[in-house]
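Dumping the structure here so I can ask a few things about it.
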């Protein structure tokens, strides 16, 4: 195993890790505002990517248009779902909402299968597949492209949270909802915004990853890795989600390289359990250790 | 709270679901009812829908429009198991005991199929052409095998590569389930006959996102041939990964279930030069009479659906059933059907080589070699022998 | 009134195989098995708020343990192998529960999710014992001179075990232990302040929950007759969570009703093929929108108020 090969594998892991990070960020955004896990996150991005793909095929539009359409579709979908369904479960507990999002994931996946069949489709990429040689190391442009685009998006989100009023309002609600309401922040607006932003991030992730794992109704399952990444890094923490995602992606790739077949598939989960035991709040978690 | 009267009402509703007794299950004066548990959701939903609705049902539409078999139309009943063995068990019991089907046709996947094997054999229900390649379904009186089983595939592949083309170093990238494992075991056994072993074998999980580590390890072992025992998605990923690292000095060889137009469309130009064992003639371009007829029928009844290897498999399964039922005569019984199958000698489907069914109950035993050239499978050999 | 309902219920359960077609006897067994898991999961998640997404893992451990015992020690009577399966699973529950004490909410949920995956991987790795991907055929169980080879025989076994476990659960919930567990759910701080040893009770909940699910796993192995790693994926764990939430957290009756509803729904929708998840999902959504807190909560509203877990968006 040459070190050049290892570098290639790690870079590839960072690329999938970036997608996991984006998924984790989506989940964290919704969680921070509403204290609910959105089980349907993956399916929402899958549907949005399919919509973008349809535009690509039917109108022979360029890829950038497909991306914009996917993002717009996801924003609409997120907004609709939050307003029509989630919001109406007014007296629901967050366990109830969990089941509602579970139901949504089933409905979306099935509907996608009916609309587009459960077949798998190639999806064009902004970046090429032919490797670029950096010394003896071969790196694929698609990996670098995914990492770059994801980082750019994460920076944009960071700016949103730091410098815009909406971002500050979202942070306030995340910290203490009651106090935020008392300060005049419209919590309902923050809920809507969270769902919309999270969906849009998901759509970008979908368009980036679809060329690699192919577009299909089961593409949304990648969100499970997003959950794992979010917990690894520390739920509730944005930088934590990023670190968790990258860490997971690299771990998933290094494990088969060095470990025997019998445990390599469990490694990400074993690592997660270990980290949770040592740092119950995840790598960057802010949750204080409980003394039981 | 739950009142007494509502309990009695519930009881009455349940009692009304008692079945009406029939003579030979699934056979009445006007129709034959067959069915199966299959994947209509879950990882193999596309395949499941194609082999049943666009495969078996397509052929039966043609048959029914022409009057049926001995004056009986054929009706199908399918239930979704999403690849869960326990759901397959429940669905199959329901089909046999409630729907009273005459036979089970083309259920998919080794775990769901094996879960129902004992039950069907005990109840003497024919299990026809299960869509899976593990040899574990062999040796049952009421089972008719469908696709070429993995040990036969392996024998043909290894005999061709090691025997004819004198390849010495083999590696395998396989899916970590019964499909992958059964091929791996078969490869090891067949290579052993030539005094060879796999120099490397790497597993991937179904639904994997990245195969770079496994492909890197395989490259390090420098095999001349690398078997891909995968489904189209990961298969195409592996080919694209190979292209990414510029690993050109190995021949990628796909197993029967993978040799499929779908991985071609997913892998694009990364599929150039890939070889494999094909179990079916090209459904889109083959000139064989049966394949042309299949395309005509698909166009007539399901013009939106493109021909593919899954629906053609279901179509063939239905064709074999119809022929068996025809030979069994108007007085159709399950034992009669099985005996009729055993009478097949060089039966022409117009799609596969002539089918002779022996005591091994296997209907497909052959494949032929292909190579991807300019985005299509080019036939390189005639139908290979696996005896 | 209550007695009449219980008596009628018992009569239906006992008389079911005589009245219902064979398939519905099998289905009833499946419902009972799921109900046992739901009760176990409820003890953990409904009472002490430790939401678990890994119960398919406990089910798998119990199932394989019972199956391996039935194969390797065929002389062992069924109740013993079920008990052993439950104990083995409980031991694993203990091993998982103790480290999980320091986790809460979503972290705990993820740890249990990871546990579920690890169990399936372990089944695959230990293929000399479990036959890995090939799957394990479970022979018919023996009870004294009888072989439980028919759906009806297995039904009575399942119902007897289920009845015992339901009674045990009701008793637990009525004792000091049950009240302590409920107190933990309402407020951990208050519970601690009133002298409840938090760690002990939370661990106990894990162990009992695992025991119940392990026994259910053993029954699953006998009723279904075939085990494979594909049987115990994360979606099954999610199904169990759906059962207790739809049924109503913190309610034993809710768990049973939830299990019955989800199992029957899944079964009756099988004929809709690729529309099945669509319809099932839509039903889940509408039930939770119109019956927040689950079926037991809706029933409870008819007969008086109940305490509730935190609402959407609220901090704990």
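Order of writing sets the chain letters: A, B and C. Residues in each chain are counted from 1.
Rule of thumb we're sticking to: a contact is a pair of C-beta atoms (placed from the backbone, for glycine too) under 8 Å apart; a residue touches a chain by one contact, two chains touch by 3 or more.
Only a predicted model underlies this, so the values are computations on that prediction, with no experimental measurement involved.
The chains in contact with chain A and with chain B alike are C. For the pairs A-C and B-C, the larger set of C-beta contacts lies at A-C. In this assembly, the C-alpha centroid of chain B lies 35 Å from the C-alpha centroid of chain C. Chain centres here are Cα averages; for chain A and chain C they lie 31 Å apart.
Taken residue by residue, chain A touches two or more other chains at 109-110, 113, 118, 265, whereas all remaining positions touch fewer. Across the assembly, chain C contributes residues 124, 274, 276-277 that each touch 2 or more other chains.
The set of chain B residues touching two or more other chains comprises 41, 45, 49, 176.
Chain A meets chain C in the complex at residues 31, 33-37, 85-86, 88-100, 102-111, 113-114, 118, 176-178, 187, 191, 224, 227-228, 231, 235, 262-263, 265-266, 269-270, 272-273, 276-277, 280-282, 287, 289-290, 292.
Interface residues of chain A facing chain B in the complex, by the touch rule stated above, are 1-2, 5-6, 8-9, 12-13, 15-16, 19, 109-110, 113, 117-122, 129-131, 138, 140, 142, 209, 212-214, 216-218, 221-222, 225, 249, 252-257, 261, 265.
Partner chain A is touched in their complex by these residues of chain C: 51, 99, 101-104, 106-107, 109-111, 113-115, 117-118, 121-122, 124-125, 198-199, 202, 234, 238, 241-242, 245-246, 249, 274-278, 280-285, 287-289, 292-294, 308-315.
On chain B, the positions that touch chain A within their shared complex are 41, 43, 45-46, 49, 176, 202-203, 205, 207, 209-210, 212-214, 216-217, 219-220, 232-233, 236-237, 240, 243-246, 262, 265-266, 268, 270. Residues 1, 4-5, 8-9, 12, 19-24, 26-27, 30, 124, 132-135, 137, 220, 224-228, 230-231, 233, 236, 266-267, 269-274, 276-277, 299, 302-303 of chain C are the ones that touch chain B when the two sit in their complex.
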